[in-house]
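Below are two complexes that have chain A in common, paired first with chain B and then with chain C.
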Partner chain A sequence: MGEAILFTLFSVSAVVFSLGMVFRRNAVHCALHLVGVLLSLSGMFVLLHAQFIAAIQILVYAGAIMVLFLFVVMLLNVRGETPLLTPGAAKGFGFLFAFIVFVELLWVVVSQGGSEAEPAPVRVLPPGFGSPAEIGRILYTTWLFPFEVTSILLMIAVVGAVVLAKRKFA
Partner chain B sequence: MIESAVKVLIVLGFVLIAVPFIVWMERKVIGHMQDRIGPQRVGPFGLLQTIADGIKLFFKEDLIPSQADRVVFFLAPALSVITAFVALSVVPFGDKVTVFGREVPLHVADVNVAILWVLGTTSMGVYGIVLGGWASNSKYPLLGGLRSSAQMISYELAQGISLVSVILMTGTLSLAGIVRQQEHLWFIVPQFFAFVIFLLCGIAETNRAPFDLPEAETELVAGFHTEFSSMKFALYFLAEYANMMVVSAVAISVFFGGWRGPFLPPVAWFLIKLSLFLFFFVWLRATFPRLRYDQLMAFGWKVLLPASLLNLAVTAVVVALSG
Partner chain C sequence: METVGVPTQYYQLVAALLFTIGLVGVLVRRSALIIFMSIELMLNAVNLSFVAFSRQHGQMDGQIFVFFVMAVAAAEAGVGLAIILAVFRHKQSVSLQNMNLLKD
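And now, the complex of A and B:
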């Protein structure tokens, strides 16, 4: 019962904040709504017994990355920027990506969810599911390669940003 | 359920009652350190001075700048306070006690990722200051807000890494678990450098002197809270002191054995250690001049961060060898 109430609370707030993020005109307000979405998702992760992911969600995304976003938005004052795409093209790309994500989600639901005649088997969580120790273990065994590739990718991005910034202001 | 609600009320009430006395202590101590006598008119030893100040703030006119972003202007001080209080919810302030035949652990919530929780909420605390500076729509608050976000993001890194070396030793992220492991030896002994780094970062995170650049009055009027008056200003004030308690409480739990101590009951030991830490904060403010902004950033990135990484590496090697 409590879980259902919390789930409703978090999902409604996630949807409301997402809508706010898309429809607000002020870029700072948009960023704040995105923070709201991230916090709601973090609540969802707690409901899924993934406390570590929930804490990381707050610490990394809401606490660090979005602060930087906000920082940049505040400094640039984007109100007078000319947009990169024409409104029509932006809309077209928007619908295209929304459609791709929809198909992806549909595929996951259909392939994992089973049908009415043959419902998906209920899986029991392995012991230690969502604990920092368990996540650390699979991150450094099963998923070691993607994990390291991601870190190299981030490193390249950082070095690239520094190089570009230097060239511009030298 | 009721048990948690009672504990929440106790922690909230304690902070709300303690803050006026910490402010009084700060004014009195700094007064004597500067050869003044500090507040003395209201109540015995001026004890009621800060209460009188609080009442005054309650009844002051609440000014909002005409060009301010009203919603965010309301939200920002509240965010500051909420994040500080939420962080305190995972701090263990005593051993298990038996109340009406029930074993009650003395912390609001034993989250198994408590340290991440504290770091996460304190990093959310940046929003209160940045948004306060932005929403005022005024020059000095914006500059103060930007300074403080840069400062807090920079010092968070070293702070987090200094805690990681303790986590490596204990193998747990739970504050209660870390306190439980300090039965024989406080972690200040093996992790002295981590403690120094943590404390320096903690002072920077709470924007206390000598790292109080976001509100450097000689350059920025009053920094991010220049435009805030009445209870909104009081909320920022409250948040600063609550954050000092958070940093002290985490330092106590991680490095100073938490509520452990001989003879006296655990809660008493926790309060004694907390008071000493808060006194230390005040002492620093009376002792050191403010850093320059470039010195602050250079110190954070070029000294504290490499030092914390080195400490982490050494700890990792020692832990791996002693296996």
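And now, the complex of A and C:
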């Protein structure tokens, strides 16, 4: 019962914040709304027994990435665009396309329950599900190679960001 | 631990809704910064989906995948914001309406 109430709370706040993010004029407000979405999602992760992911979500997303966003928004000091949305036919086309995608996603979500191939949900989770110890064990055994590749990716991103942001090249 | 309560499909529904809202942001907004935030929103919607399926199947591989999505999102945010910074220095604007050098 408690999970249902919290789920409703978090999902409503996530959707409301994300609508605010897309349709607010001021870029700083948009960034703060996105932080709201990220915090709501982190609450949902806790409900889904992914406590460690929830903590990482707050630390990395709401902490590091959003601070980077806010930093750039305030550095550029962009005025709110006067026409908020793209002009002309592109806007209507965008809404139409998004609506079509939503209907498709809805169809997939609704129809998956009747599928034969889908196994029944697990009733009892294995012990230590979502705990840092268990995540670390899987990450450094099964997923070791992707983990190392990710570290290289991050290094390349750091070098790329420094090179791009240097004044001489711009 | 007993899995109870809200079925996976409800989480999928919320993820689909968030993904669509992010898609609307990417398609109809003009500011490159907001489009970037919308992409982050779409990635987060997918993350929610991953974690929900992870619980449904009782396997933690979905949660590991969320890790990699976050790492890629961080790399993407760093490089993308550097590109936006460079473009802003060049054009004094982040509106995509002004970035039409290849179009005309």
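Definition applied: the second predicted complex is superposed on the first by the 123 of 170 C-alpha atoms of A that agree within 3 Å, B and C clash if a C-alpha of one lies under 4 Å from a C-alpha of the other, contacts with A are read in each partner's own complex, and residues count from 1 in each chain.
Following the convention adopted for this analysis, contacts are C-beta pairs under 8 Å (C-beta built on N, C-alpha and C of every residue); 3 or more make two chains touch, one makes a residue touch a chain.
Just so it is clear, the structure is predicted and the values come from calculations on it, not from any experiment.
Colleague: Which partner, chain B or chain C, touches the larger number of chain A residues?
Modeller: Result: the larger residue contact count on chain A belongs to C.
Colleague: Just chain B (first), just chain C (second), both, or neither: which does A:Val16 touch?
Modeller: Once the two structures are laid over each other on A, A:Val16 reaches no partner at all.
Colleague: So, A:Leu32: does it touch chain B (first), chain C (second), both, or neither?
Modeller: First partner only, chain B.
Colleague: Looking at the overlay, does A:Ile56 come into contact with chain B only (first), chain C only (second), both, or neither?
Modeller: Touch partners of A:Ile56: chain B and chain C.
Colleague: For A:Leu68 in the superposed arrangement: first (chain B), second (chain C), both or neither?
Modeller: Both partners, chain B and chain C.
Colleague: Applying the document's definition of touch, where does A:Leu106 land relative to chain B and chain C: first, second, both, or neither?
Modeller: In the superposition, A:Leu106 contacts chain C only.
Colleague: What residues on chain A does chain C touch that chain B touches too?
Modeller: 52, 56, 64, 68, 75
Colleague: Quick one: in the complex, what on chain A touches chain C?
Modeller: Chain A residues touching chain C: 1, 3-4, 7, 11, 14-15, 18-19, 21-22, 27, 30-31, 34, 37-38, 41, 44-45, 47-50, 52-53, 56-57, 60-61, 64-65, 68-69, 72-73, 75-76, 78, 81, 83-87, 90-91, 93-95, 97-99, 101-102, 105-106, 109-110, 112-113, 119, 121-127, 129-130, 134-135, 138-139, 142-143, 146, 150, 153-154, 156-158, 160-162, 164-165, 167, 169-170.
Colleague: Could you list, by residue number, the parts of chain A that touch chain B in their complex?
Modeller: Counting only chain A, the residues touching chain B are 26, 28-29, 32, 35, 51-52, 54-56, 58-59, 62-64, 67-68, 70-71, 74-75, 131-133.
Colleague: Okay, in this complex, where on chain C does chain A touch?
Modeller: Chain C reaches chain A through residues 1-14, 16-25, 27-31, 33-34, 36-38, 40-41, 44, 47-48, 51-52, 54-58, 60-61, 63-64, 66-68, 70-79, 81-86, 88-90, 93-97.
Colleague: Could you please specify the touching residues of chain B with respect to chain A in the complex?
Modeller: 69, 72, 111-113, 116-117, 119-121, 123-124, 126-127, 130-131, 134, 142, 145-146, 149-150, 153, 156, 171, 173
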